[in-house]
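Have a look at these structures, which come just after this line.
Below are two complexes that have chain A in common, paired first with chain B and then with chain C.
Right, the complex of A and B next:
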């Protein structure tokens, strides 16, 4: 198990280097650079060249990238070009907001999807099953930013119950979390249903029923526990989707998270900030996937046996 | 009464029926899958008719300040936007952007991704390792951020958008195709083909691909749905098809300014996106069940 974890950690390194290269290269291709955006209009060639050097943007692309990579390997993501502050500081200042939104959305998704998925599975092929599958499909097919705008129209503008933006109070997270959670709920409902359907057919449930355990207990104690295993495994990708989806949602609700930060960094051609944010995103996602795999091993001894091979 | 002897023609006819028409027979059984297919058909027909009936310069982008921001009425069913353009006509005309982005980008990612996946799954070993690691790298970056980075690197246009989304979903196809190939790789008929001296390329195309098609086909329809959603998010963020083209995500984004008083401007384009994506998702679900009835629960 320990060896498996160490191997996974070592595998992260080349992935991160490659991600940094891809993003750095793409950002370099983008027309217009930050130096000419920030330089005063009457700046001379020499002054611009000096600014370039100050920002560490002098030299050819390979030179610049290697300089960047050398610092990266030391764990230094550099300074944000537009904010003149370390990328790590800027990122972690905004990261809690995104994390709060992502977890909020997952909680919303679970509150909706687990009961719905169980209901669909236990009432297989009834109207309840059909209705929950239609709901799930709608959640999957709706553009999240559109749902966000509709919720703003209804709850902020028409009814005036909830704020349409900002992050000051608890009320302000409700709409963004529902918006982001709805899409995840679609996926989770379908997975809960199919994993529940599979478990319901197992022999141990028949045994439980045969020895007279009440139906409620059979479903919530014996079945749900086993059906939850696949739901845990997709937690990693759910969180990944939530973080990715947060980019558009943060824009809709002017939520001060890293999604919006990254988009504006890309638009401002702030190479270090954009690359740094995406690298941090990737580190966070890979770590989550690893944690999920470890958690999975603890929940299901069959998997644990596989890792130690 | 069971017939004991079949003529060669009868057997051949049975064999022919057994592949595509079997799938179609299963597919037809699901009303939601059929609904998806019919809606997709209608959207395609509407998109084509709109190209013929409406003139881009006159009906789609020309401004008419006298008629700006008219609420939906019998004259303008979906109302008019801030430049006095009819929202219904723009939504109908805009179908072509979402459809073409969805379809072309999936074609790109399917061709590239499935080939990589087939190669990875068939050869195994180092090649497989390299391809899988490369996929991991691209999947580590949230797709929307990768899309934004590609769009800003190559500039905003319909073509770049197709290419960007196509590239973003390559790893997904590669992984699907590889997973589909793995069980086929171990089959005896592959070994038999190898022993009899058939070239690798031919084995991949005549034996491996047909036997691992189903998951790829399902991924294609789901891919169109995802592609349309991602494209509309990019346009919504101002990084997709440039204005004044009536791309649904871009229309939504420009309607957002008027959300307080003219919410229909954001409502209709979003509804169009949802219906299209829903139709492709329903079709994907139906195809999955039809291709592999065992999976259906």
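Right, the complex of A and C next:
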């Protein structure tokens, strides 16, 4: 198992190298120059060159990339060109808010999807199954931007129960977490349903029923235990979607997360900040996937046995 | 099942832990609008709301005036820091802010006297050493070095008086001190505090309190302020709400007291509401259709063609299309509220004359390439221009791009023919002409006029001490550029807008976009 974890860590290096290469070069290829955007209107050519030098944007593209990578290997993601502060500081100021929203949305998704998925599977081909699937499809197909605004109008403007934005109180996370969680809930409901349907047809459940175990116990103790295993595996990708898909939600709810920061960095051509944010996201997602794999092995002895080989 | 339950509980604990961590650096009770929405205090018999919250669209990033020229930062910095001179928004003229008086001994020799007993937030009193320190720091910063570089010698006469000798004569030098990035900093604060703390110390009526990146920046009133009356409001908060409809909702449900840049679709709701109001002010931004006059491969290098376009454009129609009528049609390339503006007729809308001119130039059936950014009003201006030109048999191909890409194309692509852009100058006339028109001017020289006569006239007007003669020169520049050379067809000066609770006062829209909130307050009935 430990060898597997070490191998996974080593695999992160080429991924990070490839991501940094692609992002850095794409950002450079994008038309637009941060120096032109930031320099005062009456700045002379000499002053513009001075700014370029100050920002570390002098030299050819390969030169700049190698300079960037050299610093990156020392753990230095550089200074944000637009904010004039270390990228790491800027990123970690905003990252907790993004994580909070991502986890909040996953909790919302689980609260909705697990009961709904179980109900759909145990009442297969009934009206409850149909209703659950329609609800799941609604969650999947509703644009989060639109749903967010509707929720704000209802709960904030009409009822006045919740704040329309910000991040200072517990109440302020409820609407963004529901908006982001709704889409994920749709996906998770479908997976829970299909996973449950597969499990409840297994022989061991028929045996349990034959032995007189109550239906409630059969479903919640024996079936759900095994049906939840695949759900853990999609936790990583759901978290990835929650992080990546949070940009629109962060904008609608004025949530101070990294998604908004990254988009703003790209629009402002703040190459170091945009590249730094994407590299940090990649590290976080790779680690999450690794944790999910370890957790999978923990709950499923068959997988653990494979790692042991 | 137990293992899975443990994992799920673990995930929930992680999220709770993260929530806890993210709040450690701020007092939740300080969160804007959460604790004291209805609190008030008494000043005489009038009760004022304790906290005013302004929703801004763009991100605030730093309190250091020398680090950035972004308006979202300068709006906040304007509350905490002061300039030597500034625009009085009620009179629309350049006046002393920290400076009591000034005198131009010669165009290259100026004398200034500071106001007495102006207190910084750290309790120290402003003197000439603070001004000198600010300029020394500014010489090393890219946002200010160009201004400081104008100064050849700085002479301290005493604690309140100083003189500056310039490398070149500049009769508008007082405007240089109105640059927001040259806000005066406390020398003593930099000597006794870390730089990141010292930059927060200014002389403004508001003191920096807290900044939560991406969320809000809060200021508290400076109780010992000597330069202004102490504000009646205790706390001023700028909340960052990027989405226009979210800002509007936050205003409607009372979470914020004012919003910057409401969506044009909400203008009627704001002005017709019994609780809200729409504040408007004509902006100094000149929106125009520009031409690359140096592109000799294109018909746009012919001034007669550019004039014909000016006759062909129905500006009223374009204003309705791009701003729902919330803009003032321009007749001159110069902006209305600037010094030395003359109310000239310009080139009026005359479709018949335009048609005849296009026929004479064999311009019917040609294709014109136009580039602009993806900002909503520019897209609408470009589309309307396209539709209007189609009536004359001219096809306009429009290419939209991000602002950064547009600036790069305009600076580097010699094949550019036409573009939609805007230009927001300062109040002084020289700045207006030098940057976009003078061939040795600033970076906005996208029309590439390269007209030596015009350059000479701009230089002569800048050096002229006699104001009457100067006014004549600027009028000549206005007429020649607007009606003869036509590097741009000026379309309109857009109306700046802000939405606010009807009882909030002291919100001043700045035509140059650095809006002022120094006296923002709300009387509670």
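In this section, the second predicted complex is superposed on the first by the 308 of 309 C-alpha atoms of A that agree within 3 Å, B and C clash if a C-alpha of one lies under 4 Å from a C-alpha of the other, contacts with A are read in each partner's own complex, and residues count from 1 in each chain.
Here is the rule we use: a contact is a pair of C-beta atoms (placed from the backbone, for glycine too) under 8 Å apart; a residue touches a chain by one contact, two chains touch by 3 or more.
Note that the structure is a prediction, hence the values are computed from the model and not measured.
S.K.: First (chain B), second (chain C), both or neither: which does A:92 touch?
M.R.: In the superposed model, A:92 contacts neither chain B nor chain C.
S.K.: For A:9, select first, second, both or neither according to whether it touches chain B, chain C, the two together, or no partner.
M.R.: A:9 contacts neither chain B nor chain C.
S.K.: Any idea whether chain B or chain C touches more of chain A?
M.R.: C
S.K.: Once chain A of both complexes is superposed, is A:39 in touch with chain B (first), chain C (second), both, or neither?
M.R.: second
S.K.: What is the contact status of A:254 with respect to chain B (first) and chain C (second): first, second, both, or neither?
M.R.: second
S.K.: For A:268, is the partner it touches chain B (first), chain C (second), both, or none of the two (neither)?
M.R.: In the superposition, A:268 touches chain C alone.
S.K.: Between chain B (first) and chain C (second), which does A:66 come into contact with in this model arrangement: first, second, both, or neither?
M.R.: neither
S.K.: Just to be sure I read the superposition right, which of the two partners does A:26 touch: chain B = first, chain C = second, or both, or neither?
M.R.: Touch partner of A:26: chain B, not chain C.
S.K.: May I ask you to decide whether A:152 touches chain B, chain C, both, or neither, giving the answer as first, second, both or neither?
M.R.: Touch partners of A:152: chain B and chain C.
S.K.: Using the superposition on chain A as set up above, list the residues of chain A that contact both chain B and chain C.
M.R.: On chain A, the overlap between the chain B and chain C contacts is residues 30-31, 149, 152-153, 157, 251, 267.
S.K.: In the complex formed with chain A, which residues of chain B make contact?
M.R.: Where chain B meets chain A, its residues are 133-134, 136-138, 140-145, 148-150, 152-155, 225, 229, 232-233, 236-237, 249, 252, 256, 259-260, 263, 266-267, 270, 273-274, 277-278, 281-282, 285, 297.
S.K.: Within the complex, which stretch of chain C touches chain A?
M.R.: Residues of chain C touching chain A: 1, 3-4, 7-8, 11-12, 14-15, 18-19, 21-22, 26, 28, 30-34, 59, 61-62, 67-69, 142-143, 145-146, 179, 181, 212-216, 239-243, 245-246, 249-250, 252-253, 255, 401-405, 407-409, 411, 431, 434-435, 441-444.
S.K.: Inside the complex, what are the residues of chain A that reach chain C?
M.R.: Result: residues 30-34, 36-44, 47-48, 50-51, 54, 82-84, 90, 93-94, 96-97, 99-100, 103-104, 106-107, 110, 149, 152-153, 156-157, 160, 163-170, 173, 221, 224-225, 228-229, 232, 235, 251-257, 260-261, 264, 267-269, 295, 298-299 of chain A touch chain C.
S.K.: So in the complex, which bits of chain A are touching chain B?
M.R.: Chain A reaches chain B through residues 11, 14-15, 18-19, 22-23, 26-31, 124, 137-138, 140-146, 149-150, 152-153, 157, 194, 197-198, 240, 243-245, 247-248, 251, 262-263, 266-267, 274, 278, 281-282, 285-286.
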